[in-house]
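Next come two complexes, and both contain chain A; in the first it sits with chain B, in the second with chain C.
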Partner chain A sequence: MHIPDGFLDTKTWLALTAVSGTAIAVSLKQTGKTLGEKQIPMMGITAAFIFAAQMLNFPVAGGTSGHFMGGVLAAILLGPFTGILIMTTVLIIQCLIFQDGGVTALGASIFNMGIIGAFVGYYIYVILNKIIKGSKSIFINAFIASWMSIILAAAACSVELSISGTVPLKTSLIAMTGVHAIIGIGEGLITIAVLSFIKKVRPDLLELRHG
Partner chain B sequence: MKKLIITGLFIAVAIAVFLSPLASSHPDGLEKVAEDKNFLQAAEEKEIIKAPVPDYSMPGIKNETAAGSVAGLVGTIIVFCIAYGTGLFLKKKAPSKVKRQTSK
Partner chain C sequence: MNHAFLDKYSNLKSLIHKLDPRTKIITFLLFIVFVITNAPTDYIQFLSYSAIILTVVFLSKVPLGYVFKRIIVIIPFVLLVAIFLPFANKGQEGWIIFGNVMIKSILAVLATIMLSSTTKFHKLLKGLELLKFPKILIMILSFMYRYVFILVDEAQRMERARDSRYFGGEYLRQIKIICNIIGLLFIRAYERGERVYQSMSARGFDGNIITMNKLEYTITDVYFYIIFIVIIMTIKIWSLF
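Take a look at the complex of A and B:
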């Protein structure tokens, strides 16, 4: 879902760059306020893991592939603001060093995968935790929130493409959410796999969430 | 703490180096939609910058698998350092803030 240069028109990418820039500034402030000693290495590890895992494209239907996004995972582990910072770090490096996503579209990608993927996805998880309770509920809720984060990010991307005049909204919305409904299942499965691994080996790391 | 960093980083690096060659080379969701709905050409020759390691393949390494693994290794380490560094930087700035809050 890394948008290349050329897909978004100037007004759209400028507006999204401004929104994401503001969100990053707020996230830096919030993270700085609440960050503890223990969270710092986890910020590095989580970002490194998400970067590596995003390289693993898995095949989905019809000659298409998808890969892990990691927004909800980052936010569940470290909180929604730090989640935005982690996604931002990954996206900036992917863009500037690996030509994955355009420079002009970087703000849009941070909006889609950081603000929606991590922040909004996290609050879906929080709301679900109030509705669905039980011993396995964090995994069920993490799965649903991760799946939804992918759908919402794909929908946001469609809206951005249509505002830019690149493709009609209905066309892109159906195609993008359709394929990402499948990719989202992968997202959900990887998120629960990581959470259950951490719960088994270092359950204390599931208590680091802040801000 | 040291053990956590070593183990965590080891897992990330192992994924980037050893699993990335197994990744599907099919176009991703957005790329496929762009292909199907005929707007992929909107991005042609539009790159603003020329990134040093395009498409996760380290230039100068002939073996494709090795080029991908090295690119993954480098990227994982850089991302770790920046995210960790951001944390250290924010923490360093934090104590003064805490003081200010308590003195209010």
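Take a look at the complex of A and C:
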């Protein structure tokens, strides 16, 4: 889902850069309001964690492999606005240091993985929590939310590519969401496993949700 | 463990390394915007841009083998476009799209490699900070950069421990092990974050980091700006005729 430079046309990347820029500005303001300076080292280290966790690849059917995204997990642990900031910094590092994704496509990547992957994913989780209740419900809801966050991000990515005239919409949408439906299962399983692990070892961390 | 892979060649000495990070960031962004807004069939412009970036690669003394290896990262994405060619086309158009994204993305990756392998990361951040990039993001980035090595080490250690005890097997079990590794990694990262914060508060951290490194423009920067802008504008104006 890391889009290189040149895959998006000017109107698409400019529009998405503007949207993501606004989202980042709003998130900075929101986190500034609710969190003290304590959150800065915390956010940096959580971003480093998401980055390191993304390096573990898992196999997907047909010889391809996928890796963890971590948007919903970051948002559940530290809040939706912080989630956007963390995904943003991870994507900036991947772009500048590893050339995974282009600079002009950075806005699009932040939109797909930060705004949709973390923020929208988080609110899917919150809404599900209101509908489905029970002792195990937060895990089921986290699974569904993170699976959906991957599918939605993949769909957004193929819509962006087709608006730019790079790939045809129908085939790319089917191919992208198809592959990511499988990757999404891995994402969901990892998210719930991490959550249940944290619940076992440090349950207090799940009460942090603040910004 | 060895983590030189991040800004591996940023210690070399060359004209490009000597430039102020701000100069590099600004010319880098200009270059990429010029490249990707170029018309798909304007080959002369593409050739000129390639000549510019190759000159920079040559001046920077970064080994060509390394540059080549980094370019390969975009291959999966080029393939992504290539798969759709048989579906998309009326004849030649598909190949034009393919060539277009391929040339543009390779040029942009080359420019990014030049920026990241000729600039130390903390200087890059300082440059961004002086260019009014949001301060909180800069701080998160610098903490992240500081701790990512430690966490990657920790992740690799756990992965090695898994590999030495585990000889393949069913898919679900594999996922479960990865999940435990990630969960443990988060707890360790979080606890480290708490300890770092406590030790920083004890030393008077108030949300600001004051550093000694100051950036200054030199005459080389001025020349670089002038030469770059003259060349890139000449190419643009030339193409209008």
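FYI, the second predicted complex is superposed on the first by the 202 of 211 C-alpha atoms of A that agree within 3 Å, B and C clash if a C-alpha of one lies under 4 Å from a C-alpha of the other, contacts with A are read in each partner's own complex, and residues count from 1 in each chain.
Just so we're on the same page, contacts are C-beta pairs under 8 Å (C-beta built on N, C-alpha and C of every residue); 3 or more make two chains touch, one makes a residue touch a chain.
Computed from a predicted structure; not experimentally measured.
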- Message: Quick check on the chain A-based superposition: chain B and chain C, clash or fit?
- Response: clash
- Query: First (chain B), second (chain C), both or neither: which does A:166 touch?
  - Reply: both
- Message: I'd like to know which partner A:67 touches here: chain B for first, chain C for second, both or neither.
- Response: first
- Item | Partner chain in contact with A:190 - chain B first, chain C second, else both or neither | second
- Task: Check the residue A:33 against both partner chains and state whether it touches chain B (first), chain C (second), both, or neither.
- Result: first
- Which holds for A:155: it touches chain B only (first), chain C only (second), both, or neither? neither
- Message: Output check: A:91 vs chain B and chain C. Expected answer is one of first, second, both, neither. What do you get?
- Response: neither
- Query: Of the two partner chains, chain B (first) and chain C (second), which one does A:24 touch, if any: first, second, both, or neither?
  - Reply: second
- Message: In the overlaid three-chain picture, which partner chain does A:10 touch, first (chain B) or second (chain C), both, or neither?
- Response: second
- Who does A:142 touch here: chain B (first), chain C (second), both, or neither? neither
- Query: Pick from 9-17, 45-53, 171-179 or 189-197: which stretch of chain C gets in the way of chain B?
  - Reply: 189-197
- Touching both chain C and chain B, counted on chain A across the two superposed complexes: 2-7, 28, 31-32, 37-38, 40-49, 51-53, 55-56, 58-59, 85-86, 89-90, 92-93, 95-100, 102-104, 166-167, 171-172, 175, 202, 205
- Would you pull the chain C residues touching chain A in the complex into a rising list? 6-7, 28-29, 32-33, 35-37, 70, 73-74, 77, 80-81, 83-84, 87-88, 97, 100-105, 107-109, 112-113, 115-116, 121, 124, 134, 136-137, 139-148, 150-152, 154-155, 159, 171, 174-176, 178-187, 189-190, 192-194, 196-197, 200, 205-207
- Query: chain C touches which residues of chain A in the complex?
  - Reply: 2-7, 10, 24-25, 28, 31-32, 36-38, 40-49, 51-53, 55-56, 58-59, 68, 77, 85-86, 88-90, 92-93, 95-100, 102-104, 165-168, 171-172, 175, 186, 189-190, 193-194, 196-198, 201-202, 205
- Task: Flag every residue of chain A that touches chain B in the complex, lowest number first.
- Result: 1-7, 28, 31-33, 35, 37-53, 55-60, 62-67, 85-86, 89-90, 92-100, 102-104, 154, 157, 161, 166-167, 171-172, 175-176, 179-180, 183, 202, 205
- chain A-touching residues of chain B, taken from the complex the two chains share: 1, 4-5, 8-9, 11-13, 15-16, 19-20, 22-30, 32-34, 36-37, 39, 42-44, 46-56, 71-72, 74-84, 86-88, 90-91, 93-94, 97
